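Multiple structures follow.
Here come two complexes built around chain A, the first alongside chain B, the second alongside chain C.
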Partner chain A sequence: MGNSNLSVSGTAPHPAARPATRAFKMKKHWNKYAMIYIFLVPILVHFSIFHLFPILFSLYITFTDWPIIGDPKFIGLKNWINFFSDQLAWKAIWNTILFSLYYIVPTMALGLCLALLINTGKRGTGFFKGIYFLPVVTSFVVISGIWAWLFKGTDSGFVNSFLGLFGIEPQLFLSDSIQAMMVLAGLSVFKVCGSTMIYYYAGLQSVPDEFYEAARIDGASRWHLFWKITFPLLMPIHFYVAIITTIGSFQIFDSAFLLTSGGPNFSTTTIVYYLYQEGFTSLRLGYASVLAYILFFIVFGISLIQKKALGKEVNYK
Partner chain B sequence: MNKVSRWTYVPLALLGLLFIIPFLIMLGGSFIPMKVPSGNPFLWITEEHVSLSNFMYILVNAKFTKWILNSLIITIIPVFSQMFFAAVLGYIFAKKQFPGKEFIFWVMMAVIMLPSQLLIIPRYIMFSEFGWINTYWPLIVPEIWSILGVFFVRQYMQTLPKDLEEAAHMDGANDFTVFFKIMLPMSKPVIATVGTFAFISNWNDLLTPLIFTTSEDMFPVTVGLASLLTKEGNFGVEMAGSVLSFIPTFLIFLFFQRYFVKGIALSGLK
Partner chain C sequence: MFWKKSGVIVLLCAFLLLFTACSKDEAASGGSTDKKQSATLTVWIHPYVSDELKSRQNEVFKEMGERFKKEYPNVKVKFEEIPWANREQKILTALAAKQGPDVFYLIPDMMAQFADKGVLAPIDDLLGDYGKDDFDKTSLEAVTYKDKMYGLPLLKEVQTYFYNTKILKELGGDPNHLPQTWDEFNALAEKAVKKGYYARNYEGGNTPNATLYPYVWQAGGQVITDDGKIAINKSDAVKGFELVNNWYKNKMIPKDSINTIDHLPLFLEGKSLAYWGTGASLATMKEKGFKDYAIGSPLKNKEIATFGTTGMFVVSGNSENKKLAAQLVKSMTSTESLKAFNKLTKYVPPRKSAASIYNEDKDMKILTEYAKYAKPGVIHPVSRSVMPQIQAKLQEMMQGKKTPQQAADSAAKAIQEEMNK
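Up next, the complex of A and B:
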């Protein structure tokens, strides 16, 4: 190494050199941590103000009667107790579960079908992949605007006039307390299954070809190949997709707000829609925070199941 | 699964049609001055009364240009600042050693798991105190960096070989040089993913601006279009508004689709 002349000046333990050494140390410290002081520290301050503090603060808000205008009052556990006897809150939870039931399996099944189709690698699959993915980047507002006219509960609705071609009576769709939630779930399936497709597509590409070849030599049909090889090998993806679509489904708000305003007869009042109503229409921020925590507990519970499921997957390997 | 017959195109095309029809109805309807849609949507474009009157109406009577401008402001600023901070913090968490690093990262990852709706009410009270309601601040300041973006870049930079940066450090380069001259150029794809994600999620967000903006002048295009949907009840005008608000996302989709797809595959967010 050609730095022998440097080593002389760096090692002299002379008393007069001490302040210089300290300065040298500080400079070294600064060189090492400069980026952390300049960028990480301000971001941590930001993180504390806009993430950590609000989370703790909202727990406090649940113990208060906090109107938007006027002074908050500490009322202890009253909001929490009210929640348990609030029938509309339980209805909102049930509605959200219902939405999940309509939404999760179709999203996964359709996403898997789309992934299988584009995974055939035929010419032009890239183009179709783009089309299937288009709703993912489109806002709920745009899709809901179209959906409102597609599923209008009168003769003029597109789907109703289409059904009319086959002699089917006009359906109420968004004005019907049972069908409305299905229409909202359909909207979400349409919007989200493109991203489910991406997960499955990534999973399919990691399945080694040898598996198929061995089975094909044994004379297995394509149907068999799918159910005996592809589907079980995708198990980690199934788990993963199931969890994220479930978590997503519990946060559904936009379409309920835009298309049905929670109705008819509260049949599409989801947890987040009810939270929004309580907080910003009824102006009861304390109670709305309780609902936010209930949502958090539900999502947290699902995440715990995810942890367990993922742990299992590692054990299988 | 190589031997797949030509029949694969049948479901591919049928499903493709199903996915594209709503968009075609939107596009067709935007050129038809119809309060209530009637007739066969596929024949609209061949009919005589095709016009730009819906677009004229929306640009003159609604505050649409202002809404688009608002959306651009609350989207473009976070896009660039999120890309920058994701790159710097991704680098710090991937390559630097400092006390508390694992703990800080773990706390951030825990926070990202929380439903974002939990933050709305406390932030509303905070921002009221700050006097931020009905300004751009609540839509920009909390968004200047994203935990998810930092996570993306960190994961990516951890896979980059150490040789280059070590060699640069040997040559006396400091962290800034290593970051700007080596790590940043090598991480362009993942930074593009962060930017695309930020654009789509900020442009399309409805709930946050719905709560923090109160006057029509401050609406971004999502809230503005939503007010149009509930107020107008005019098919042609609504579709014209939808088309206009859709164009920027469509352009981003056209040019950055692969980055967005990569982000989806990385993240597990919708």
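Up next, the complex of A and C:
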């Protein structure tokens, strides 16, 4: 009981006793947390090599002219200054924002709707759970191929043939600057909403039934049950899904690369696609790293805003 | 005694100096070509054929390795297949890490970019006699940058017209007298549109190598001159922009031509008079059982010209055995090697002595004939990085946002900006 180094009178221990106390405390601390530190070592090593080092190295690269081969040539702030006058970079940022607008809300809404559908507990929901999740595990290349066929801009395209039944003129889709981005976003929503469905489904499992029972006794309609209980209680899920879909939307690359190659006229060139082109086609790794940092600042800023707006806890007591 | 000892030391020093000088000389030139030396050379290849033919491709490369081994019995040649997707990224990251292959495959615009960054070893002095006169002139131009050779040609591709003979006859054309000039083609194209057909494909999502440069060259223009001056907005070159614009405005090419990448199905479905394609398109036509076609020549306005890439094997600047690697490249592009490779892959062999492989194949014989008109693209360090910009200007023109001259001017501006970076 108690610390043997403390004097009975409560005065400070003798100075000579202090190191012993510190050593004792350290030993006690080590005994208590040794396993934690040991288990942390691998992840810290992994983090340092594969995350921290690349982050710091790419920051250094932003100040250099480096075509991947040879030694980086220090050029100071030139890459950063170039960014502000690079119209294509700003266009890529705007395109990415546009993509996010087309992508985030539909992905969340569709994910929530699908989760509500499979949460009914009726027979066969397990089957639909699998079906809705299928696009998530299907390769982007395969889905892009299917979408390219669906949205062919000629009369013989599948969607154009369908629209033709209603007398609607064939649309250009991937050859139209506005529609191409919408098709791209549609593809991404289709690919990802299965994941958001799973998050929402997990969230729905944690909403206590008593709330619904009490509300039903009070005469609440289904509409009210959803808007007054389900939706607010899913707020932590909304926050999480919003963050991950936002980050995902700013990292969009595959569909732009596979479906439109950033065109027509750069209308689907997103920031990551542009970064890739600058880094690996134009061999300007320094400038590509600047774009990566700009992307980081944007995503970080938006995540902070989202945290303020959506990160409130909802408790019903 | 002193002189005796000094003499020995001086002699030893001279011997050492001579020895190190020799080693330095060998190291600088990338090792020796002593036929008994042992080494391992790594070659990065790609899937040049479909999955079904992959085992035969492996055999062709294995034979290439064995052929080289006969000359250099102690050298091991290791072939590693790399997918086409993101290949430049893979090559560059490997070379940056001082790893990667001794020999790898490139096309001309990538070669110019890589050579400019010092990634490749010039091989003029390492080859010896490689049968220069046997290679066709344009293919050797394709492996040369700033008067230095960086590789030897493995294959040639040629883009030309394939006509649907049924539609052609319906329009009053003759499969034995196919259009030779822009005017002849456009006259036929007008008739096709009137009958509800497209005149040809146009895949605007592809690079300007396929969508613009052939027409610029046919009009007598250039993209960048041999001495590095921008010429894409000169009057001759602008005619190439105008040609594409007229095709699109007059509905001779499909509506989605702005950004599509595959119009072959339209041709196979019998909706288009002609298809601008390559030997690979021909293979697909045959595979799909499409037989009503005739192969026409690339067109002429001022001159006959087309695009056709030249695939080449190059030697990495990192290779510790550059001389050996260059000898391997020479062996892999010998007549025997080119015959085996091109016969399998259905490309045009760049050596005249290998052209006989298509003596029995009427279609490939025609394509081999047209290969002499094929230019390998624009060989300049910015040619690859500026392609998306030029493609975008062309798309803007087709969307009606720019006139052909404006599109050409902004393409010229984009090239200039790229050169200034």
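Basically, the second predicted complex is superposed on the first by the 246 of 317 C-alpha atoms of A that agree within 3 Å, B and C clash if a C-alpha of one lies under 4 Å from a C-alpha of the other, contacts with A are read in each partner's own complex, and residues count from 1 in each chain.
In this section, a residue touches a chain if its C-beta (ideal position, glycine included) is under 8 Å from a C-beta of that chain, and two chains touch if they have at least 3 such contacts.
Here the structure is a predicted model, which means the values were calculated and not measured.
> Quick one: chain B and chain C on chain A, clash or fit?
clash
> Using the superposition on chain A described above, determine whether A:225 touches chain B (first), chain C (second), both, or neither.
first
> On the A-aligned overlay, A:70 touches which partner chain: chain B = first, chain C = second, or both, or neither?
A:70: touches chain C, not chain B.
> Applying the document's definition of touch, where does A:280 land relative to chain B and chain C: first, second, both, or neither?
both
> With both complexes overlaid on chain A, does A:120 touch chain B (first), chain C (second), both or neither?
A:120: touches chain B, not chain C.
> After the superposition on A, what does A:251 contact: first (chain B), second (chain C), both or neither?
first
> Quick one: classify A:180 as touching chain B (first), chain C (second), both or neither.
After superposition on chain A, A:180 lies in contact with chain C alone.
> Answer with first, second, both or neither: which of chain B and chain C does A:131 touch in the superposed model?
So A:131 only meets chain B here.
> Could you let me know whether more residues of chain A are touched by chain B or by chain C?
Counting residues of chain A touched by each partner, the higher count goes to B.
> Taking the options 93-101, 111-119, 309-317 or 399-407, which segment of chain C carries the C-alpha atoms that clash with chain B in the overlay?
The answer is stretch 93-101.
> After overlaying the two complexes on chain A, where does the chain B footprint on chain A coincide with the chain C footprint?
68, 156, 280
> Can you check the complex and tell me which residues of chain A touch chain B?
Touch residues, chain A against chain B: 31-36, 39-40, 43-44, 46-47, 50-55, 57-58, 61, 66, 68, 113-114, 117-122, 124-125, 128, 130-150, 156, 158, 190, 192, 195, 198-199, 202, 212, 222, 225, 240, 244, 247-248, 250-251, 253-254, 257-258, 272, 275-276, 279-280, 285, 288-289, 292-293, 295-296, 299-300, 303.
> Under the definition above, what is the set of chain B residues touching chain A in their complex?
1-2, 4, 8-9, 11-13, 15-16, 19-20, 22-23, 25-26, 29, 36-38, 41, 85, 88-89, 91-92, 96, 98, 104, 107-108, 111, 113-126, 128, 141-142, 144-145, 174-176, 179, 200, 203-204, 206-207, 210-211, 222, 225-226, 229-230, 235, 238-239, 241-242, 245-246, 249-250, 252-253, 257, 260-261, 264-265, 268-270
> Under the definition above, what is the set of chain C residues touching chain A in their complex?
Chain C residues touching chain A: 86, 88-89, 92-93, 95-96, 113, 117-119, 204-205, 254-261, 266, 269, 271, 317, 384-385, 388, 391-392, 395-396, 399, 401, 418, 421.
> Taking the touch rule as given, give the residues of chain A at its contact with chain C in the complex, in rising order.
Touching chain C: residues 67-70, 152-154, 156-157, 170, 172-177, 180, 260-266, 269, 277, 280-284 of chain A.
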